[in-house]
Each structure stands twice: as C-alpha cells, then as structure tokens.
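The following pair of complexes shares a single chain, chain A, combined with chain B in the former and chain C in the latter.
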Partner chain A sequence: MLPVQAPGVYAGGANVIAVLILLVEFGMFRQALLRDQVRLYASQSALIAVLAVLVGAVRHLPELYVLAAATVALKVVAIPLVLRRLLRETGPAGAPAAGADIAGSGGLGLASTVLIAIVVAAFGFFAAGALPISRSAAPVTALSVSLSVVLVAFVLMIQRQDVASQAIGLFSLENGISLAALVVAASLPLILEVALLFDLLLAVVVFGLLIRMHIGRAESLSTADLTSLRG
Partner chain B sequence: MDVVAVVLLIVPAAAAITTFWLPARAAGAVTATAGIASFALAIALIPAVSRRDLALLGFVRIDALSVVFLLATGFVYACAAVYSIGYLQSAGAQGAAGQRYARRFWAGLNLFAWSMLAAPAMGNLALLWIAIEVTTIVSALLVALEGTDGAAEAAWKYVLLASAGLAIALLGTIFAYYAGAHVLGPSYNLAFGPLLRVAGHLPPTAARLAFVLAVLGFGTKVGLFPVHTWLPDAHSEAPTPVSALLSGSLLAVSFYAILRYYQITAAALGPRFPRDVLLVFGVASLLLAALYLLDQQDYKRLLAYSSVEHMGILAIGVSFGAPVALAGVLLHVLAHAAAKGNAFMGAGVLVRKFGSKRVSSVTGGLDLLPWSGPLFLAAVLALSAMPPFGIFRSEFEIVTGGLAASRNAAAAVLVVLVTVAFLGMSLAANRMLLTPRRDPAPARGEPSVWMVVPVAAGVVVLLVLGLHPPGELTGLLDRAVAALREPA
Partner chain C sequence: MSILLPIPVVQLLQLVTIAGAAPGVSGVIARAEARLQGRRGPRVLQPYYDLAKLFRKEALAPEGASWVFLAAPVAAATCYLTVPLLIPVLTTYPLPLGYMGDILGGGFILALASFLVAVAALETGSPYAQLGASRAKTFAAITEPVVLFVVFTVALLTGTDLPYALAATVRSSAGQIIRPAHVLAAAALFMVILSETARIPVETHTGTNEFGMIEEARPFEHSGPYFALLRWGSAAKQLILYTILINVFVAPWGLAATRQAGAVLVAMIALPAKACVLGAVVAVIDSSFAKLRLFKITEFASAAFLLAVLGVFTLYLGGG
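The block that comes next holds the complex of A and B.
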C-alpha cells in the first residue's frame, strides 16, 4: 500500500480555493435578495483571481497576474456594477429591483434542491477524477471541483424561475469554466483570455438589456409566465 | 488575393457602423450594397483557395471548407438585405419609434452578418468560439427587436440556452487546448493548422472529451436534438429577414465549428468515434423534426422545424464519411441556405399579407400573391428535396454515400424520415396556397417588389445547384471534401 502523502502548500491552497468557489456556488441557492446574489458572484470571481495569482506565482507564469487583474476589474467590479445599474431603474412597481425578493422563485424546496446539487456535484467530481488528465498547472482535484461548479450552476439555472438568478447562474457557470481553464490551460495566451473576458462583458450587457425588457413587460423577475411559445 | 479576404471582413463591419448613423432609406441602400458585395467577395475567394489556403494577420485562415460557408452566409446576407428594404417599407412604421426601430434593425443586421462571416475565417479555435458567441449576442437582440411578449420570451430562452450551450463548447475548447499543449508545448495558442498537423499524437481522452463537448455545445446553436428547444421560438418570433439569416446562415456556421472539431478528432482517433456521435445526434434530430412537421399550426415554426430536419441530415451525411456523402453535405449547406432563406422570406410576405402566422388563417395564397405564392411553393418543394432543385441533388448524394459506406439502415431511415417531413410540409403548403380564398380576403397583389426579387434570385440559385452546378463550385467542394477526409 502506498503511503498517503500530504499535499504541499501549493496544492492544498489551490484545492481550498477551488472548494471555496464551489461553496459560494451552493450559497447562491439560499440567497433571497438579488443584491446578495450579485455580491456572491463578485466574491466567487475574486476567488478565481486569487487562484490565478497563486498559480502564476508558483508556476512562474507572470501573465496570470494580468489575467487576475483583468478578472478583478471586469468580474468583481464592472459586471456586478453593470448588473446593478441595469436592474436598479426598472424594479417591479417602482421598487428597486436590486433588492427584489427572489427567494420564492425556486421550483423545488431548498432542502431537496441542495440534496440534488450535492449528488450532481459528487457526480461531476468523480467523473472528472476518472479522467487521465496530468501535467497541468494546478492540482487535478481542482479540475474535478470545477466540473462540480459547472453542474451545480446548471442546477441553479434550472431550479430558479426568475431571470436574474438564471443569468447569474450562467455567469457563475462561466466562473467554473475559468477554474477549469486555470487547471488545464493556465498558459493559454493572455490575449485570448482577455478577449474571452470582454466577450463576457458584452454578454452581460445584452443579458441586462433583455432582463430589463422582461421586467418592463412582465412587471416581475419571474419566468413563470414565459409559456406562450410551445409546440 | 489576401486583400479580398480582408475586405470581406471589413465591409459588413463598416456597414454596421455607418447604418447606425444614416437615415433609414440610405441605411437600406448601404446594407444591400454591403450584402451583395460580401457575396461577390466570397465568390472571388473560390479561385484563391484552389491554389493554397489563405493565412493572414496571424489569425485568419481560409480554406475551401471556409469558403463554402462564406458563400452560404454571403448569399443569404445579400438576399435578406435587399428583402429588408421592402420589409420595413411595408411595415409602415412612421415617426420616431419607426426610425429607432429601423436604425437598430439595419445596424444589427450588418453586425450579425459580420459575425457570421468572421467565424469561418478564423484560424484559431478560441477566436472561432468568440465569433460564434458574438453571433448569439447580436442575434438575441435582433430576436427581441419586435418588442412583443412572444419576442421577449423567445429572446430570453434563446440567449440563455445558447449561452449555456456555448459555455459547454468553451469547456470543449479548453480541453482542445490541453490536448494541443500536451504535444505543442505551453506556448500553443489554439491555432487550427498546427493542431491538425499533430492530431495523430493528441492524448485520446482529451480529444474525445473535446469533441463530445464541442458537438453538444455548438450543437445547441445548430439546433440538434435535444438542445434545439430555443430554435422554433427564436425563428418564429424574429423579424423575417433575421429568421432567414438565423436559419440559412447561423445554423450552418455553427455546424462549421462542429466540422472543424470533426476534422481534428477524426485525425486523432480515427473517423469511427466522431461519426458515431454525429449519427446519433443526426437521427434523433431528424426524427423529432419529422414528427413535429406533421401537425404544425404556425408556418414560421414549421420552417424552423424543417431547419432542425436539415441540420440532422447534415450530421447524418458527415457520419456516412464517404466522399460523395461529404460533397453532398457541403452542397446541402449551400442549397439549404438558399431554400430556407427563400422560404422564410416567402413566409414573411404571407405574414404581411394575411397578418397572421397561423396556417389556418392563410387561404388562396397562390391566387392572392401572383409572384410570392408560386415562389413560396417552389421553396417548400425545394426544401422537400424535389427535383430539379439543389437539395434533391445534395440529399441524393448523401444517400448514395450512405449506401456506398454500407450504412444501409441509416440511409433507409434518412429516406423514410425525409418523406415524413415532406408529407407535413406539403400538407401545410397545400392548405395555405392551393385552397380557394376565403372572404374577406386581402386585395390581390404584392406588398413590395423588394420582397420578390431576392426570392426569385434564390430560386435561380436552387435551379443552378440542382441542374448543373458550375465547375468551379464542384472543384471547391471536392477540395473541401479532401480537407475533411485527410489531415493536411
């Protein structure tokens, strides 16, 4: 039997950050206010930036510092700002939408949803663990966690029936992919990474516009009425 | 010849910027010019890629396969641009609201066409992904443009589902990078050419994962079952010229991305695995679409499901793998672009005339629309693979290829399901066009001559593709097939 080896400081640190990202994703299930949902997204993005700095420092990839800075500028500052601005003016019945209550939009109860999310996360974790992925920048455990984040984000998007949570679920799904990219594609050229980030910003603006349009017509964030097109 | 490629990428972008500032009438003229110029430039690329693949600026790479998709997009862009002039005129929207609508419409249409022309020209898998993501963002705004409840709902479903799908495709792109960096070293930048050259040495698990994720992710935009659900909504609620571009070009451009991953995977793992994956998705899409076509009450949704059908045919055709089937697939891309563009533009005339998208609200179409009626009928027959139109030739080649590759069962399923789809399409067309008109009927005549000319051009193209494709075109298709079959 092989002796169990304690992970080094680097691997341990990276794995802890990855797990924190997953925990923030779970935290999104119980957020009742849109404002807090956006705040959770910002903190999750900040964790991605911290991980980028850590990988950059240990693996001597200085461009990851730039990536971390761009992540902070766009995902921690700009995107939450854009989301709040777009939602502030058009709250239902004049109330500020950023404080809108989205707790009741879940299709399932909180406990059952979290149970499903745990099962899905475990599936993602072990499925990725079965992949023979080696020679990567960050520890492979982080890759398994990233797939869990992606799958749990899907659960969030499916379970929540309001436009804002669905959008934020999608953006956090993108965070999960950023995490996977830090593990297996850390040396991806910076120019491409930055292009991807600006593309995300563009998507956020369009999502915001469509959310505003939805609120303007439905006078709520709920997607329960989006059932007229079928067949 | 490199100049042609650069100009092709600049023209629609310049048109998008200028049309945003111009008055509606001038914007229409600029867009139509840009559309026709783009198609002409795409044709001008045919002789250039016959000698060598074009590579310029470090990130543009155009080979015969790219040009096939540039031709399809350029043609639908030109037709939709001319058609839009009549479409906006006959809408009769006046005042500030009408002007705001027109400005957004023209700028959005050009930007959408630009992103679709950029995608097949990208020589880098990350940039290809970004271009396709931009098509989603721009077209979602165009789908929402009408401002109705249905448009808002369709746009939201579209942007959410397509973005989630593309997120999966991004994951696939990252695994493609991992596979490439494994062989080419960490400075690898996802360029397509080098990846294809070393495809034989890629780690198989990562290559397999990248392919499946790419098919599922880009397949969302292609409209493959089970990730097609946004497609009928977006196609039916978008303004008609946008529907034509969505169906004729966007689905094909997304399929182009899958073809690129197919090329790499076939070189890395052998053709067996990617073909089986595409066969499953193709047959499932075709089956679903054929059943939905049988009893469809909304004729724009009918055409949307017909798009799912044809994308399924493309996937099945690639899964056959025989050269004649692949040539059929590429011809099918071109013929489907012309036929589906035509069908949507004809449907747009019916919507203007009868004020409804319900099949049951339209009667006596042939009688009331002396030009658009017969042209729409021709488009429906072309989509049902009737001779002498191009889709007959392409589907014939695909089935021949299937028999040649001893995929007899799949070829038989293809023929049966296409026949079922034909039944559904022709029943609906029969009810709309060949019935006597029901009073009170709208006055006889066409809403606008601009809405007839591009459809007539489409029929001409369909006849040329079906009866006697020009030698340059068949040469282009042969080179593209060669590129698909063996790594460069």
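The block that comes next holds the complex of A and C.
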C-alpha cells in the first residue's frame, strides 16, 4: 500500500486550522457554563479570522484581511458581548445570570454524545469526499471538515435542551459555512461576505430577544417546558 | 571520533539507555512537579536510591500466593526490556532486531507485561491490588481503540507500520509535520500516554489515596527486589512510551545516522534530555488540572478517540 502524499505546508496549515475549528465545536459539548460556551464560540471565530489571514497571504487576496478584521470585530468581540449583556440583563426576576449552569441540559451522556457526533462528522466527511472536486481547486479536507462542523453544530442544537446552547449552536453553524466559503470561494466579493456577517448580527439580535422572552415567560433557559404547547 | 560500534553493541546500548535513564526521568518529573507546587521536592537521583534500597531488602510473599506472584515482576521487567529493541531509541536506521515486531507488536508486549502484573495482583488476595489491576485492565481496554486508530494513521501515512518508517517520514519534510493527521495522531497518543503512565487527569502519580488508584495500586503486596523490579519496570515503560512519542512522532532529531561512537553517544544523551522536556510538560499538566472522577475517565478516553478518528478521516480525504 502506498503512503498518502503530504499536502504541502499551506494546505496542511489550512487543514490543521479547519480541524481545530471542528475540535472547538466538539468542545462545546463539554462546556457546563454558558459563559464558557460563549468563550469557545469567540475562539472558534478567532480561528476563522486566522484562516482568512492565512488564505489571504498565500493567495494574495488583500480583501481577506478586511474580512478577517470584520470577523474579529463582529464575531470575536461584538456578538459574545451582546450575548452576555442580553443574558445578564434578564435580571432580577430570579432568572439565571450569564454564568448560568447549562450542564444538565444534555439529553445524553457526554461520551455517547461525542460518539454520535463522530458518526455524524464521518457522514459529513465522506459526503464531501464524494463530491467531484479536484484537489487542485480547493483543500478538500478543509471543505469536508466545514461540512462536519455544520452537522456537529446540528447535533449540539438537537442534544442540548436550553435556548442559549441552541443559539450558540446556530452561530457556530454559521462559522462552519464561513469556513467552507473561505476554502472554496476565497475570492468571493467582499461586499457579499460583509452582508453575510451583518445577516448574522441580525440573527443574534433576534435570538437574543427570543432568549429574553423565553426566560421572562418560563424563568429558565430550558426548552423542556415548550413541549406542553403541542396541540 | 570515528570508532565504529558493532551493530549488536548499538542494540545493547538501546537497552542500557532506557533502563539506565528511566528512573532519572521519573526523578526529574517528580522534582519539576514539586517546584511547580512550591515544594522543594526530592533529589533528581532519588529513584535510584530507592531502587538500591529496595534491592537490598528481603522479599516477602503473601500466604497462599503461588510462584506466579514472584515470577511476574521478573517476566514483566523482561517485557519492558524487549520493547526498546523494536523502536528507534538511538538510531535513524533500523537495527536488525527492529524487524522483530511493528508498533502493534510493541503494544502487545507492553500489554503482556501489564497482564502479568495484574495476574500477580490477583494472586495476592489483597483487595487494593486487585482493585487496581481490575481498573487498569478496564481503562486499558477503553484506550485500546485510540491506539489502534493511531496505528491506522501511521499505516496510512507511511504504507507500513514500522516505527522507523514514520520517523523517517516525519524528518522528510515540513509538510509531513503540519498535516492534520500527524498532529491529531500525536495528540491522541500523548493523551493515551498520560493515561498509561498514571498521570493527571487520570490518576495522581504520587497519591496515597487508595480509592483513586489505578496503576499504582497493583504492586501493593510486593516487596524487596520484586517491588524494585516493578517500580523500575513502570519507570522504563514511561520512558519507552515517551521515546515512541518523541523519536517517532514529535521530534525524531538528534538520533545517530551512523554507527560512529560519537553520534551514538550524542543520541544517548539527547534522548533523556528530550524526555525530560516532555516530562516537564507532563509536570505542568499534572499541576494545572484536577484528577478526573473515575467514571469521567471515559470522557477523557473519548476525547482521545475523537482526535485519533479525525486523523484517519482527514487522511481519507485530500491526503490531510
């Protein structure tokens, strides 16, 4: 059997960053405090920015530096700040504060969740591998990792039964899409990328309002009470 | 110096390096850990003094224990001294006995040693030794899939599973080091090593609390020279695992490329030095994390499994 060829330093570096983003997504399963989960989301977004700088430097696309700066400003600084503020202001009515404990909201044990997520990630890997993409056009590994990030974010949203984790799962899902956009279409017009970022900001505001309303009504982060609304 | 050493001598020096430096590396880790925690700590050479003292003491066996109890430490030590022949301890080129077994072969021999110690622990009838042996076997079974997937990664990277081949691949180019499969496999192996060498977050290495003990509880009933062999053996196992991580995965530099006495001597000094650096990292981890509860160890193992599986996945796609 022949050894698998090394992909070169640039592709290898991009792939390592992509895999780190996936690992952060897995790390979110473990977090028991909302504050820590927001912090993980910020670090995941910071990794996206690093990847944007790397791709921009290697492929000579200066607008990617602007994208990296916008990513840092929005996803690393603004969104975590907004999320924390929204959850802290839910205030005096006995509602949980920003350090809220979301540990018990998982439907399954950690080890079994991770195993399920590994299976789902494998599906993403091999689904992307089956696409007819030539290896010269894009780092295929990073693309398939981005698909896995999206799917694992779905697992997080399904498995956790609290509004905050579900919102963060959605935001990190968007990180997976940004990752795919970076490795497949790095030269996408900047205006589109920035429009996507502001779309995300809108989603954050909407989700923040939903979270506050939910906490105001149910006095907890858990969505378990919502099942009684079924007709 | 251009004295050429005969190949069998180089092979023998592999054993001498591992067996001779192993207690020293343990001593350095214990010292570093003590300094990090603001204590003065034992002398670096303390493990050697301990061994010398134990070898002078008389050996006792529990009533009813058969010859297996006394034979196991000797047999286990033999196993630990066999593995260094299979892995690149001093040289970049494969030595003749290196073809006796691949990574899996080395893993089998280490597992045999652990099995023998467990059988001896069962012979004693002491609850703590049996508890330790049972736990050690349980958690070894949980980390086994991780090791398998690391071996798969190595096999996909090199087309073979000889440790010498992977070390040569890693040395060949920077692209080989930065590829995700290699990074993930090395990280997963490091986590397995933490668990196998009884370090935080799986076990407190120097604790006296029997309820949290896994590996350390097994030789409770042994004494004298037999206990010394077990202590020496577990130090040697630690250095063997460090050597695999360092000389195969992380930093296969500083090895002798020829049979010249000077180069081999440099390699004999470089390996313990690199192992001490790795040991310092382990000491930092030891002092900055808490021990996991026994039933949380599966989560640690599942994290290592995640890394190893992702390594294999990335290899199947685009040559990660």
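Note that the second predicted complex is superposed on the first by the 214 of 231 C-alpha atoms of A that agree within 3 Å, B and C clash if a C-alpha of one lies under 4 Å from a C-alpha of the other, contacts with A are read in each partner's own complex, and residues count from 1 in each chain.
Throughout what follows, a residue touches a chain if its C-beta (ideal position, glycine included) is under 8 Å from a C-beta of that chain, and two chains touch if they have at least 3 such contacts.
The shown structure was predicted, so the numbers you read here are calculated from the model rather than taken from an experiment.
Look at chain A after the overlay: chain B and chain C fit there side by side. When both complexes are overlaid on chain A, the residue A:Arg217 reaches chain B alone and has no touch with chain C.
By the touch criterion defined above, A:Val163 lies against chain B but remains apart from chain C after alignment on the C-alpha atoms of chain A. Contacts of A:Val150 after superposition on the shared chain: chain B is touched, whereas chain C is not.
In the superposition on chain A, A:Arg88 makes contact with neither chain B nor chain C.
The superposition places the C-alpha centres of chain B and chain C at an angle of 150 degrees about the C-alpha centre of chain A, rounded in steps of 10.
Annotation: superposed on chain A, chain B and chain C show a minimal Cα-Cα gap of 17 Å. In the three-chain superposition model, chain A touches both chain B and chain C at residues 135. Residues of chain A that touch chain B in their complex: 131-133, 135-136, 150, 154, 157, 163, 166-167, 170, 173-174, 177, 180-181, 184-185, 187-189, 192, 195-196, 199, 202-203, 206-207, 209-210, 213-214, 217, 223, 226, 228-229, 231. Chain contact summary for the complex, chain B toward chain A: residues 124, 126-127, 130, 133-134, 137, 140-141, 144, 147, 149-150, 152-157, 159-160, 163-164, 167, 170-171, 174-175, 177-178, 181-182, 186-187, 189-190, 203, 205-206, 209, 232-233, 236-237, 292, 296-298, 301. Across the complex, chain C meets chain A through its residues 155-159, 169, 173-176, 178-181, 183-184, 298-299, 301-303, 305-307, 309-310, 313-320. For chain A in complex with chain C, the touching residues are 1-9, 11-13, 15-16, 18-19, 22-23, 26, 30, 110-111, 114-115, 118, 121-122, 125-126, 128-129, 135, 139-141, 144-145.
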